[in-house]
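Once you've had a glance at the structure underneath, I'll fire off some questions.
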Amino acid sequence: MVPLWMYLAVAAALFCLGTYTVLSRRNAVAVLMGIELMLNAVNLNLVAFWRFQSPLNMAGQAFTAFVLVVAAAEAAVGLAIIISMYRSRRSVTVDDVDMLRW
Amino acid sequence: MNVLNEWAFIGVFFLIAPLLPALPILLGAVFAPHKPNAIKTATYECGVETVGDTWVQFKVQYYIYGLIFLVFDVEMVFLFPWALAYKQLDFFAFGAGLLFIFLLTDALFYAWGKNALTWE
Amino acid sequence: MDCINQLAQCLNQGGMDSGLAQFISIFLGVVLVATFPLLVTILLIWVERKFAARIQDRIGPNRVGPFGLLQPIADVVKLLSKENITPAGADKPIYNLAPPFMVAAVLLVWAVIPLTPYHFGVDLEIGALYVITVASIGTLAVMMAGWASNNKYALLGAFRVVAQLISYEVPLAMAVLIPVMLAGSMSLQDIVKAQYGMWFVFAAPLSAILFFISSQAETGRAPFDLLEAESELVAGFNIEYSGMKFAMFFAGEFMHVFTNGVLMAVLFTGGWIGPFAEQAPLLGLIYLLGKASVWYMISLWVRNSVPRLRIDQMMDFNWKFLVPMSILNVLVIAFLLQVIKQVGLTPIDPNNFIQNLPQTVVLLLGNVFVGYIMLSWVRSKGRQARAADEAKKMPAAAVHAVGD
Amino acid sequence: MVVGGLTPQAIAFGFFTILTLGGAFGVVLNKNLVRGAVWLIVSLFGIAGMFVLLSAPFLAAVQVMVYIGAIGILFTFAVMLTRSMTNMRQRFTTQWWSALIVVGLLFVFLMSGVIVPVWGGISPEQAGDVVATTTDLGVALVDGNQFVLPFEVASLLLTAAIIGAIVIARQHEEE
């Protein structure tokens, strides 16, 4: 079997790529894609730890399912906000979103 | 066959499945004539050139269907294990499932009441 | 699968590395399982055309070979000689990947179908979920095809198809929950074996109907063929495809219809179960294909006789009728199963027909109840709508009468 | 079976790593956001493969169903609804290089945590072959002592998400 640290390394790399997408892309949809990548890195970690630490405990799988729910809710509401923003501002770049600044 | 062998089968299947239909396409590429010209490769559009972007803006309705589908898809994630274990479960589990489905049906009825499900 | 394992042993004894032998046997198994539906599809093209012709009072293909049986081969030869036109401005990699993926999405289902008691690709622990999962790849292929073509019609068509496909996936998955619940397993082989005593179609006819309708919509066949609507719109998402790539979309569709028949057989009408299927596995295959053909024929019959729905009707039908019905169906069956368990009507030997009867009757009554509620509700809704319509028309009609 | 000193599992792991990280690079660097959505799907498919290797086939199937079937489609819809693919001349914000430094530091930090055996050097042999099944998950989800509350809250969250998203997405429709 592939050792635990390899899975963790992949998850760490994925998390960093996701973070970089969030920090550097101008398009808000791309930013949300980055967040999905980060959530999936978390999921990978959860399942890897579950498999290696406590394969008989259901917490690992159950929490992965709950992260999935959060990811789905985040994508649904996040994309709705972006669509709404596009309709009022004709733009989806993160620089232009300063509605909440004042 | 052990479990991982089963998944090796699925894995190989995932690689082979697109290749089998790709074969006749490649055969077609060998046998079929290939003489493209500007008129032939032009976008199909009632005889006139496409005006503007292909990617015109679409209605929000599509997104809303996608949204409700996403939520029901995630619901399946929980209902499948529930249904799978149902034979071992008691009335409490039925109540839990009932409440779970009831809450989601609320969302469906909300969307219904807001006319979000109606195609205009 | 046993013959493949034997082959692996055979190769192993012949001095081959055991891992390599195993890989070769897996590879051969995959090719075998994947080629089978493709071969069936070639025959299906003939069946489909003949069937449609008979319904429309025509003869259908009858020139090439006996009864026109070689017609599909002639079709393939013709399609091979057609030029593949790639539109200018297409996103080439995605444009070329979409047709094979469309077929692959259907082909992948066959990996878990139990063909006989002993022959199947694999018997996955999560088979039923796998079937639904794989279907979602087809949705993606449609989206990619529509987008990569760089054509407004194609993209609009793809949007509509995707909206249709994802909408009807909800009642589809809900309908699959019932066999899983009744069998207590997601493995398709277990689901078939749980039907020794009684086919699930008797205990859960509503979910069978739900599955049938929504899988018909998933194939994009009439009455749900908005995506093509050959006689009205241009072809929809596959408009920019030609030659063999275009043919692949249709091969995928033909195969999808038959695969749905097979799934109906496996999930609801007992798969390979029949007299002597255990002793002679080949009989099991014949039973399975026979049952699948019956469902397939019904699907063709519906396709050729029911007129096309409008897109708003189709969406309303799904979200305002099928989805609530499937939810109610799951709840009622879950409730009745608990009651049956508490009362003690659960069959002690699930393979015994007589012992299965009480449970089946109770579940059937539950189904009738759900069906009655939904239909009477729709009827009252329809009556209200008609009354509102009448009320709106009334003054206009009165004015008209005065004018005369 | 051993090919070049690697077990089939290791080969599969390598393949899925390439899919996951390659897809993630595609998400970061793409010039066209529909392609970006495809790359995202490739990446998440790789994760599904890893779930299979970690003997969680149910989660793998769910991953494909939810991400490829639903979230991928939703992203494609959103990209097209906002015409994001047309105004991609400036992909990155002005602080992309400082973000690179921050993320580089984060990666070094995370990797140092991974490489240094903080978790008592769990060996694969310790993990054991007996794994909880999907049925166990179903039992645990509606067990009063385990996850029944999160189970209901998940449903509530999804309901809230649907209502919120519909309200937000449709707020300009009346005008």
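Points worth noting:
Letters A, B, C and D name the chains as they come in the text, with residue numbers starting at 1 for each one.
The rule we apply is simple: contacts are C-beta pairs under 8 Å (C-beta built on N, C-alpha and C of every residue); 3 or more make two chains touch, one makes a residue touch a chain.
Not measured: the values here are computed from a predicted model.
Of the two chain pairs examined here, B-C and C-D, it is B-C that is joined by more C-beta pairs in contact. When each chain is reduced to the mean of its CA atoms, the one lying nearest the mean of all protein CA atoms is B. One finds 17 Å separating the Cα centroids of subunit B and subunit D. Taking each chain's centre as the mean of its C-alpha atoms, subunit C lies 29 Å from subunit D.
Averaged C-alpha coordinates give centres for subunit A and subunit C that are 33 Å from one another.
The set of subunit C residues touching two or more other chains comprises 22-23, 124-125, 129, 132, 155, 159, 162, 166, 169, 186.
Listed for subunit A are residues 65, 68-69, 72, 75-76, 79-80, 83, each touching two or more other chains.
Residue positions 3, 8, 55, 58, 60, 62-63, 66-71, 73-74, 76-78, 80, 83-86, 88, 97, 101 of subunit B are each in touch with at least two other chains.
Touching chain pairs in this entry, ordered by label, are A-B, A-D, B-C, B-D, C-D. Every residue of subunit D that touches subunit B in the complex is listed here, in rising order: 8-9, 12, 49, 52, 55, 57-58, 62, 65-66, 69-71, 73-74, 77-78, 80-81, 83, 85-86, 134-139, 141-142, 144, 148, 151-152, 154-156, 158-159, 161-163, 165-166, 169-170, 173.
Of all residues in subunit B, those touching subunit A in their complex are 60, 63, 67, 70-71, 73-74, 77-78. Here subunit B touches subunit D in the complex through residues 3-4, 7-8, 11, 53, 55, 57-58, 60, 62-64, 66-71, 73-78, 80-86, 88-89, 92-93, 96-97, 99-101, 103-104, 106-107, 110-111, 114, 116, going by the rule given at the top. By the touch rule above, subunit D contacts subunit A in their complex via residues 9-10, 13, 17, 20-21, 24-25, 27-28, 33, 36-37, 40, 43-44, 47, 50-51, 53-56, 58-59, 62-63, 66-67, 70-71, 74-75, 77-79, 81-84, 87-88, 90-93, 95-96, 99-100, 102-103, 106-107, 110-111, 113-115, 117, 119, 122-124, 126-128, 130-132, 136-137, 140-141, 146-147, 150, 154, 157-158, 160-162, 164-166, 168-169, 171-172. Only residues 1, 5, 22-23, 26-27, 29-31, 33-35, 38, 76, 79-89, 96-97, 99-104, 107-108, 111, 121-125, 128-129, 132, 150-153, 155-156, 159, 162-163, 166-167, 169-170, 173, 177-178, 180-181, 184-186, 234, 239-240, 243-245, 247-248, 251-252, 311-312, 315-316, 319-320, 323-324, 327, 330-331, 334-335, 337-338, 342 of subunit C touch subunit B when the two sit together in their complex.
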